[in-house]
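Can you keep this structure in mind? I'll have questions shortly.
Chain IDs A, B and C follow the sequence of writing; residue 1 opens each chain.
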Amino acid sequence: MSANVSSKLSAAVPAVEIRGLVKDFSSGLRGLKLRAVDHLTLRVEAGQVYGLLGPNGSGKSTTIKALLGLLEPTAGECAIFGVPSGRVEARREVGYLPESPYFYRHLSGRELVRFYARMCGMGGATLESRIDEVLALVGLTAAADRRVGTYSKGMLQRIGLAQALVHDPRLLILDEPTAGVDPLGTAAITELILQLKARGKTVLITSHLLGQIEDVCDRVAILDRGKLILEGAVSDLVGRADRQALVVEALPENELAELRAWLAARGRKLETVETPRTRLDRIFLERVGKKDA
Amino acid sequence: MRAGLRTTVFVIASLAVAGMLLNRVAAPAWSAAREKQPALKLDSSMTAAGQGVTLALLGGFRALVADAAWMRMFARWEARDLPGVETLIHVVSAIDPRPAYFWMNGARIVAYDLPVWRIEAAGGFEAVTKPVQERIRREQAQQALRHIEAAMAFHPASADLWIERGSIELNKLGDLAAAAESFRRAWEQPHAPFYAARLHGELLRRQGKKTEALAWLIQLHPLQPPDPEEPKADVVLARIRALERDLGVPPARAFQPAR
Amino acid sequence: MNTVPFSLRRALLIAQNTLLEAARQKLLLFFLLLALGLVVGARWLRDFSFGAPELKFLADCGFGAMAFFGAALAIAATAQLFFSEIENRTALTLLAKPVWRAEFILGKFLGVVAVAAFFCALLTLLLMAVLRWREGELMREFPEAFAQGGVVSYGMVALGGLLQWLKLAVLVALSLLVASFAQTQLFTIVTGFFVFVICHLQYLAQDAYTRAGSWFAQNVGGGLASVFPNFQLFALADSLNAADAPPTAHVVRVALYAAGYCAVACALAVYCFRKREI
């Protein structure tokens, strides 16, 4: 019974709650303050994939650091699964991939993941198999015994994901996971996020490339110079209910004129006619994917 | 900024309080360590500060650096560079005052070699008048004695330094009384060689204090170690007999050795 | 609520990782080779030999190398291993795990202290070997000077090594305290070096204030002087002669003194580091 109550409770508790967060940095010049985050209030429900978007310098990383207790907020409070960020307990159920991560160069990939796993209190017989599992998940099995110092940027991103995932946290925070990663890597990360979502995990992801994570997010918030300017479900924000697009085989000029007339007779108007273009990254993915297979 | 200041004050105050308590913990060990390392005991603050800095900067390397300076001193000595040798002798002992070797050999060079160089530089033994030669010799001997005095601050219980002092007083100043006193002090130090005591008696005799010399030798006789070359020889007894003869001691009251 | 208690195990994991990093970064190797070269080379540095004092000279060189390169290693390794975490942003990932900042500081401290222990132990063993070899040579050369057998007390050499290590541990703790609030590695290294020198002169200030006589000078001045530990205290075993061995109680007191400074400096490092922005 108590398990039932607690699960109901945890369902009600948001994965992330940020209330009135303000963070000022004192820049070198005397007295001058730079407000990186300006009265930000956010709520990420458990099980969602949440995108925190905004241009460079809009305060996304600062928000995440405050949420993880790595920065002391100037004002406001943050909590993870209801535990205030200042407390060590808040970080127990979190996996974090920092922006352009850089790890202990002297360790091999496997040693690195093992180190972080043990820091999370893991150990015993299951540890090694779990390490193999996450290394396979991020596709680094072959490079697992190489020094991290020799890894490429994309590999660093993937080993960063492995350390964030190794203790199977309920919340995953990814800061710019696709920055500087090739389309193949981006697709893999997108795929991984969807898998995690399917397993009921909460994912908080930031990006300055707004289009890139649009496809995977349930909700997004857009920051600009530290202020929240837009927040909502992706389908609400981008879908336009009063418009429809038809894709047909190429129509000759005369048939197109007929169609316009047909529409005009019903009081409708054909707004745009264009040739749909596939996206370059999709072509890239198709070609490279085929070669690999 | 104000928070920074508060943190700084808190850190310094905590360390100060902790340090005062910990000083109490270490106090007995510290006074013992100090007792063993005379360089840490110096009272004259300039020398002490100098020693402190050398200790800090060189630590155990003092030995190495002093050694290198000593080698350079020898090179200067071969070139008969008087100011160079004088300076380096002091530098060596300042860097590493622990080996008595440096102090003693330094004093010897100052007392025995430097006067010869000075006289030769002034034109040689022919040209320089006797009184001037005498003055130079005295000056150098005085300087060597000051060097030994400084050494004694670091080696308060060194018989060798007292012997060296007595030798200079005897050979270079001809001061029998001072030399006799130095050899007596040498004999009081631990591990003193027996000849220091015998020399004290001998110098008493040469000063004409024959009664005192006789008394000294009589109380010394039982302490005489056997001579490894001639175990039968009894030098002290021979001296006692000679003094008894000089003083006209009747045979009945003559000294009777225990064995 | 489920709490995450302070865990020595995590601190030890961080220490182990720090030690591994030092070992793989060749920082340790560099200082070790330098010091080893000196200890072995000392035999040929002295051209004139005068029997037993030469052994003391060798020991002085060995401990000199241990003190000097050890201090350089302690300061540089603390600064390097601490700032590599901050500058490479590995601390970001580490402290985003359920890890106390106190565990991080303690882990760094133990890691560098282990590096120092390795350094001192290796040099002490090597010094013992060099002394033993040279002692044998000298015994054959001047048998009369060694009539009572060997003159080197290897227990004293080991004690000397132990005291050097205790001193380095205090230096590591103080360097870590500086690093915990310093903005740059260079500042930490320079400050650490000054702290090292001041700690050797501390006893002079202490003496001056004790002599001063006034209550104010004795307590306020003396207190300020005791901000810095007295490093001369660790010269307790500056001899090769077993007869000069300090009593065990004194060694214990010096160890407590070192442990006390380490604990206070580490606690203050945690205090300064607690709110640091990573």
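In this text, contacts are C-beta pairs under 8 Å (C-beta built on N, C-alpha and C of every residue); 3 or more make two chains touch, one makes a residue touch a chain.
Please read all numbers here as calculations on a predicted model, not as lab measurements.
Q: Leaving chain A out, group the remaining chains by who still touches whom.
A: Minus chain A, contact groups: still one piece.
Q: Would you mind checking which pair of chains has the most C-beta pairs in contact?
A: B-C
Q: By CA centroids, point me to the most central chain in this structure.
A: When every chain is reduced to its C-alpha mean, the one closest to the whole-protein mean is C.
Q: Where the CA atoms of chain A average out and where those of chain B average out, how many Å apart are those spots?
A: 81
Q: Could you put a whole-Å number on the gap between the CA centroids of chain B and chain C?
A: Those two chain centres are 35 Å apart.
Q: Approximately how many whole Å separate the CA-defined centres of chain A and chain C?
A: It comes to 47 Å between the two C-alpha centres.
Q: Any idea which chain A residues touch chain C in the complex?
A: 65, 68-72, 83, 88-89, 91-92, 94, 96, 98, 101-107, 115-116, 118-121, 160, 163
Q: Using the touch definition from the top, list the residues of chain C that touch chain A in their complex.
A: Against chain A, chain C makes touches at 1-4, 7, 10, 13-14, 17, 20-21, 24-25, 88-90, 92-100, 275, 277-278.
Q: Could you pull out which chain B residues touch chain C in their complex?
A: Result: residues 7, 10-12, 14-23, 25-26, 28-30, 32-33, 36-37, 40, 45, 48-49, 52-53, 55-64, 67-68, 71, 99, 101 of chain B touch chain C.
Q: Note which residues of chain C are touching chain B in the complex, please.
A: 42, 45-47, 50, 53, 56-57, 60-68, 177, 181, 196-197, 199-201, 203-204, 206-208, 222-233, 235-236, 238-239, 244, 246-247, 249-251, 253-254, 256-257, 260-261, 264-265, 267-268, 271-272
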